[in-house]
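Quick one: the structure is below, and I'll ask about it shortly.
Order of writing sets the labels: A, B and C. Residues in every chain begin at 1.
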């Protein structure tokens, strides 16, 4: 199964890095990065072999299997995840020691970071390779969990913990919604295998509810409005995490889901229109916030929201450029994140207002990040130019209103990108120490790839087409080339540059006003709702806990009474004929009835018992009477066991009473409150419900029992005692389970009463 | 009363254990089986504790290692249940299989169900004896109880 | 017979619940024993209408349902194990808290929750 080779290599990275880290902390990053590169090579070799699928049966009776695919889409995203992952791991080798020192943590914690990052990479590769709705959900949740650990990596920092929790709650909750959608689809089509689902969806379209559920899962991951607010908060994580999660991995996963599931969405125009609106909204909100944010990482985070808004628009329009857009965006955004990480590390500053003119001290970084910024802002000679070209191309087909929106969006992109780069490297000169080489090298590599893609776009056509055709299920005619003519796309691009430059030039005039407006608006945004909700849930749980704990008796009653009422309701509702049969009593039953009466009398007497010893004797009296009942009911095995167990139990109970200090026993007896009225009512409800339910059950005994079958079988199974045969042979697994309960009780007893007499 | 109860209880040990063994061995054919056998054996030990105290009762090896015996019982149980899986049978396949000839006379037959029941007996015995032992230990050491 | 058996099951269950709702741990333990007894009785009551041989069954004669018997056996043993654990728990609780009353335990728990709540702000 060669298809699994890249996945297995990617999965092996994290453990290998851990082992290497145990040997020498610095080695883990290099080992992990080489693992990622090896996986990348394997993937590249595989992609030359063409598309393939692999199906591993898992639970065939339920129609479940592990399905993997290799097509253009998975190839594109896997290459992205692996290559950016390798670079980010190397970068974090240089970044982390400084970061840990700042936080006052031991240097060996670095290994944990590398391991987590590599695990995230593996989860991402898994996500893009699986071809099954359930596995898709599993991989999605894997990314969520690992991202929680990564965002909360600075575990001593409350802000970082809160951000991690926020991202976990939001992306986890939305992925549960995704699961609901996946289950609906699975039930609707009778399979979870994606190709089969697509095939059946072609004849009967998926229900809108299921599609909305799937879309919500994807939007939560991709940080689109109204779930966008987790992303800026997640900037509390160390910069390599932000760089990876927000360029090539976590956020890309949401859009990837939509692209993977596009054949389902294609006929649902209403859902696609909704996605389109959300995409434009995210574009606007993200871009505007990016224009005024002061911390560099926030600028980039808002820019990510906006850029994935573009990608969402492309998916909603069904454009074949959607996968390419994400792929072109990834290196630019990753490079910019790594740049601001390096700047923060060198200067110790985190805000645009605190730095300027770094181009003199960090010339290489300035140059490389200029290329990346140009890519993000879609300037020619970078791969970014083509991402906007496909974007405009898709919009042109929909009409002038869309074109105008796209123009404004692209203009805003250029404006905030310029603002970021100029804020870092332009302006008044500041002198800072040079950045370590390992911090700069990944940025240079990424910038080189951005430039290479811009100069030789022909190289990208093939993968982009493969991905597009995998997404849309039809051959793609996507073309990437420079056209020096007055076509609409070019005009839009020029207009966007003009607008962006204008906005940048006049920025001092409008920035304060915009900032104030956005601040007021964001106060009433969805983040507020989230905080309110969390607060309310917190209070609810505290209230319930207090209520529950205040009196243990209420806790018990609150389980028993509703259960009893439920049982009565069920009896009331179910239309069973001859619901209750009184049965017949013959002379032969006399002894049985007498024993039963004796048992009930003893049980009633326990309620009146004052002393503990009397109580225990009455309880054992109930037990022995019941043993008598079993004996008269011709169940000798049960009667024998019952008698023996009852004797042991009575003696143990008496032993317990001897153990408890008699003074305390007496006091407990005196202090035991008079029974409350509601206790009587609870007991009454429970008893009546138990009575009616068992009456109903006993009235419906089948004439043809399993027992008669076992009697026949027992002879063959060499066991004249049918009960023993049932226990040991026919229901042997039950007995094994039962004995494990007994052993668990034994372990409980030994651990509660330690031999040494210590606590 | 003290005079004749301890010797009597000591005398009862062997017959009771023999009855317990009998209950176990002929469980497949007659009334009996692992549960009652274990409970009966436990009851005998309980009698020793009540009459003669912990020190005297712990003279018996089986009492000292009761918890261990329960572990052995679990191993036996799990072994008979799941070892056949290795040979390609369903879990809890007993031998001889239905239809195969078996050895034995009267109510006693050689059958892997015996091992299974033996496991049950050891576990129940272990539980009973451990609880008694811990309680008895508490009575001897636990006089300073309570704040 | 059906009616009588189910009446006794209901009665035992009601007594059990009534005891479980007491304030004192020994009585709570007794209540669970009664609950166990009532459920074993219910299981075996299914075989009351047709009683006969259990061992060395002859064809044509009535048989006490062996499946119900083995289920009842299982229930008895599990009930015994759980009660033994419960007794140990009562003993241990008394040793740890010095009280046999559930409301005292609640006070202790609330106090602890309060303490830890104060210990970690936010």
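Everything that follows uses one rule, which is that a contact is a pair of C-beta atoms (placed from the backbone, for glycine too) under 8 Å apart; a residue touches a chain by one contact, two chains touch by 3 or more.
This is a predicted model, so every value here is computed, not measured.
In this assembly, the chain whose C-alpha centre lies farthest from subunit C is A. Chain pairs A-B and A-C differ in how many C-beta pairs they share in contact, with the greater number at A-C.
Centre to centre, using the average C-alpha position, subunit B and subunit C are separated by 24 Å.
Centre-to-centre, using mean CA coordinates, subunit A is 49 Å away from subunit B.
As a whole-number value, the distance joining the C-alpha centres of subunit A and subunit C reads 39 Å.
Residue positions 54-56, 73, 76-77, 80-81, 84, 87-88, 91, 94, 98 of subunit C are each in touch with at least two other chains. Multi-chain contact residues, meaning those touching two or more other chains, occur in subunit B at positions 29-31, 33, 35, 39, 124, 127-128, 131, 134-135, 138, 142, 145-146.
Residues of subunit A found to touch two or more other chains are 636-637, 641, 645, 648, 652, 656, 659, 661, 664, 720-721, 723, 725, 727, 735, 742, 745-746, 749, 753. For subunit B in complex with subunit C, the touching residues are 29-31, 33, 35, 39, 124, 127-128, 131, 134-135, 138, 142, 145-147. Residues 158, 545-546, 549-553, 556-557, 560, 580-585, 589, 592-593, 596, 599-600, 603-604, 606-607, 612, 615-616, 619, 622-623, 626, 629-630, 633-638, 641-642, 645, 648-649, 652-653, 656-657, 659-661, 664-665, 668-669, 671-673, 675, 679-680, 682-684, 686-688, 690-692, 694-695, 697-699, 701, 705-708, 710-711, 714, 720-723, 725-727, 731, 734-735, 738, 741-742, 745-746, 748-749, 752-753, 759 of subunit A touch subunit C in their complex. Those residues of subunit C that touch subunit B in the shared complex are 54-56, 73, 76-77, 80-81, 84, 87-88, 91, 94-95, 98. By the touch criterion given at the top, residues 1-15, 17-27, 29-30, 33-34, 37-38, 40-42, 44-49, 51-57, 63-70, 72-74, 76-78, 80-85, 87-92, 94, 96, 98-103, 105-106, 109-110, 113, 122 of subunit C touch subunit A in their complex. In the complex of the two chains, the subunit B residues touching subunit A come out as 27-33, 35-36, 39-40, 42-43, 46, 50, 67, 70-71, 73-74, 77-78, 81, 91-92, 94, 96, 98-99, 102, 107, 109, 111, 113, 116-117, 119-120, 123-124, 126-128, 130-132, 134-139, 141-142, 145-146.
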